[in-house]
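Quick one: structure below, then a few questions.
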Amino acid sequence: MSWAILSAGLLVFLGSGAVLGAALGLTGFILLHFQAGGASALAINSAWNLLTEFTLSAVPLFIFLGDILLASGVSTRVYNGLTPLFRRIPGQLLHTNIAVCTLFGAVSGSSTSTAAAIGSVGYPELSRRGYSPSMVVGTLAAGGTLGLLIPPSLALLIYGATQNVSIGKLFLAGMLPGLLIAMAFFAWIMVRSSLGSSVSPPREDSMDWGAVGRGLLEVWPLPILIFFVLGTIYMGIATPTEAAALGVAASIVLGLTWGDLDLEKLWEAFKHASMMFGAIAMILIGTVILSQAVSLLGLPRAAVDAIAGIGLDRYGILLMIVLVYLLLGCFFDGISLLLMTLPITFPMVTSLGFDPVWFGVIVTLLMEIGMITPPVGLNLFVLCSITRNEVTLPDAARASLPYWMILLAAVGIFTVFPELILWLPNLL
Amino acid sequence: MTGLVLVSTLMRYLAGSPIGFSDELSGLLFLSLSFLSLPHVLNTSQHIRIDMLVRTFSPRLAVAADIFANAIFVAFAGIFAYEAWDFMVFSLQIGSRSEISGVLLWPWMALMPLSMLLCILIIVRNGLQGLSGRDAASSEEGLS
Amino acid sequence: DVRTLKFHSGLAESRPEAAYLERFSELVDEYSDGQLQVDVYHAGSLGLKEVDMLRIMQRGMVDMALMYGEYYNRDAPEMASIYAQGAITEAEQHLDILPTLRKLYREGYADWGVHTVGGVVAPVFDVGLHCKEPVNTLEGLRDKKVRVWSGHLVDTFDRLGISAQVIPQNDMYLALQTGVVDCAYYLSTVAKTVSLQEVTDYEAYLHPWAASPWMFGVSDRTWNSLDEQQQEILTRAGEQIWQETRDKAVDPEREAEAREEREAMGITVLPAFSDEDVQTFVDAAWEAWHEMASEAGDEGIRYYDTVTGELQSDSQ
């Protein structure tokens, strides 16, 4: 019955073109009230908890940071500077999205902040330069997920702490798969840019090394910003939220001195950023209410319990678990899904003789897939908001499909060759 | 708007002296920013919707879908405001304070129902304007 | 027909206490011939947060929960001041004060519409300082940043001139790795479950864990919907778990084995903090405890006076 209400509610409410957050939230309210014995008050607790939790508080700051860089022209000059370097590679500046996301993933534990941080600068700059908007969103959605796998990773931390697995080993285990998947993303961008309809501006055949040199001279603010945002976290001076605030301060100084920022533009940037963030907040509220309802009803556990009873062999059960994660990935993402399912899937999988560290990476990959699986995919929502709905949710989902398949293929490959994951941690 | 200015000042304060401000405060500011910006986003229709299905509808059906979509929002915001009001009043009664800095919580909680009520008012106002606009359009059609 | 109760627990399944919840569920199943089932959802997998549990239980939004007084500082600060770290310096003291604690919590939860049926007496683990450098004196901690788990502990260390901050367990590993803090005040016995040995090299014992008992709460709404026989079964099973865990709560052998295991993992176990340092810490902890209790109002002071009065008369 709960599953029926869930599917019907989402189908009808989302299909009617209602505000996404309201459609998700109302479905959650209905489930809480009718299926969970009148527990709709719980929705407020979960919305309050999510929005006062400091893990997310870096998101609006990063969006604000992006808007300041944009308004001051700093990001335009940086991207102009990078253009000559990427001139001959198919896909050109699209690769910067993946590269910067990988770098950012190395300090951020969350994939949503990664997508928000890189997207708020990368999207406007690239779409203005004639790159296909949906292609840009696809690379950002994919790149964002790397934040969860490349250490430090919130998902691996929570996996390690709840299941008593070495967090250090998990971090080491995530590194190589994260880089391999980034490589696969690069490769796909090159393939897609060389074939089919045009997704990037025309390419030039000759390399103008003079332009490359002059361009790179324009890029100098980048290392400064990277120091403020990434360096301070590495050196233990700042938490991610504080680093984001430092980055905002640094970008204001850069914009006022080197760019053409003034108070009026700063105010505009602030207004723009808070609007964008408001759209994201609405979705966060709806998502958390729906997740609360589904988890209170114990639906994920029911799904996993169901497959335990079928009676399959080792790989059959693993396959079913992957399928259940893909199904649940339609409605959830990230940490909530992890907490709800691990108490059952972890003992199942490890009792079949799979390595606990290996499963940590696999389950993180499945979380990443959930982040970009519609209808409830937080990274997709955040990116649609950043494009101000120029790229709609279905477009974004379609654009992410190739990366979704790469991630899924990675699950398969790492199952056949577990050494790819375990080699590095086992050196320890 | 005043709220936005207030938050902006606080944000600049954050940006200016970030080290040492408590995670708790940034969480409460995050919450305030979220709820303060909701009505504004609604007012400028920048909320994300999935309209691929609706775009295939006939005009008459599209109007029906639009009314239904607004009804969904009002229902959601109404229930949320009701429950959030309850949540806030209860916290006021027992005098809940934040864990570390000991800040009284109910004024922050009050933002939740107020924001949602404001959203409902905006929908109702836009709906009335839409109706009168549609009436005007049809009466103009009738004239021509 | 079979009645199934949902039981929320915020403890990770890897914690030793969590196994007793499954045991409770088995006992209920056995006593009721399968007619009453308790489904335990570990690690907060029902999506519920500890700080909300009093409100959630009051409205009966979940049937049962593992209640822990120190979590409810926001809604019931007086409950958080029933017991505090530094209250005891010998593990046996915990068993002496336990009946009083149980009575106070039972009354406190009842005010929130929560009926209690026994629970898990938390094992009295060692609490120590886990540092990147060798530190086993309060003096040595003065120039260190320390991670603690509650506001009361921040206040206590503050009174000793040591800078401490609350960092949630999930963020502790990274905070130590990146140097946001130099030391963690943590339950040494279970330090392995959060991989502390990977980010700290030294530990020094400070005092036994003054652990509030984990009580099995049943929301009144659920309790009143059960028949007398079902109520009796829950009470009997809960009481049995209480007795079993009480008997095992103080176990020097367990602590010694865990310590050896940590040493085998490369941790250097330093000599414990001196008696003098412990006394200084305890004095500061009691002052901070008193202040926390007075902020919580008359009820908080009543709890504080009851528990400290009894602790003092026991030690005389």
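In order of appearance the chains are A, B and C, and numbering begins at 1 in each one.
Definition applied: a residue touches a chain if its C-beta (ideal position, glycine included) is under 8 Å from a C-beta of that chain, and two chains touch if they have at least 3 such contacts.
This one's a predicted model, so the numbers in the text were calculated from it and none came from an experiment.
Colleague: State the pair with the higher C-beta contact count; candidates are A-C and A-B.
Modeller: Counting C-beta pairs in contact, A-B comes out ahead.
Colleague: From the C-alpha centres, identify the chain that is farthest from subunit B.
Modeller: C
Colleague: Name the chain with the Cα centroid closest to the overall protein Cα centroid.
Modeller: A
Colleague: Need the CA-centroid distance for the pair subunit B / subunit C, whole Å please.
Modeller: That pair's centroid distance is 39 Å.
Colleague: Quick check: how many Å separate the C-alpha centres of subunit A and subunit C?
Modeller: Here the centre of subunit C sits 35 Å away from the centre of subunit A.
Colleague: Averaging only over C-alpha atoms, locate the centres of subunit A and subunit B and give their separation in whole Å.
Modeller: Taking the mean C-alpha position of each chain, the two centres sit 25 Å apart.
Colleague: Where in subunit C do residues touch two or more other chains at once?
Modeller: Correct list: 51, 55.
Colleague: Two or more other chains touching the same residue: where does that happen in subunit B?
Modeller: Expected reply: no residues.
Colleague: For subunit A, what residues touch not just one other chain but two or more?
Modeller: 41, 45, 239
Colleague: What does subunit B use to touch subunit A in their complex?
Modeller: So the residues of subunit B in touch with subunit A come to 4, 7-8, 11, 14-16, 18-19, 21, 23-24, 26-31, 33-38, 40-42, 44, 46-54, 65-66, 68-70, 72-73, 75-77, 79-80, 83-84, 86-87, 109, 112.
Colleague: Spell out the part of subunit B that touches subunit C in their complex, as residue ranges.
Modeller: 90-91, 94, 96-100, 102, 105
Colleague: Taking the touch rule as given, give the residues of subunit C at its contact with subunit B in the complex, in rising order.
Modeller: Per the stated touch rule, the residues are 51, 55, 73-77, 151, 154, 166, 295.
Colleague: Mind listing the subunit C positions that touch subunit A in their complex?
Modeller: 6, 12-14, 39, 41-49, 51-52, 55-56, 59-62, 169-171, 173-174, 178-180, 192-195, 198-199
Colleague: How about subunit A: which of its residues touch subunit B in the complex?
Modeller: 13-23, 25-26, 29, 40-41, 43-45, 47-48, 51-54, 56-57, 60-61, 64, 237-239, 241-242, 245-246, 248-249, 252, 267, 270-271, 274-279, 281-286, 375, 381, 384-385, 388-389, 392-394
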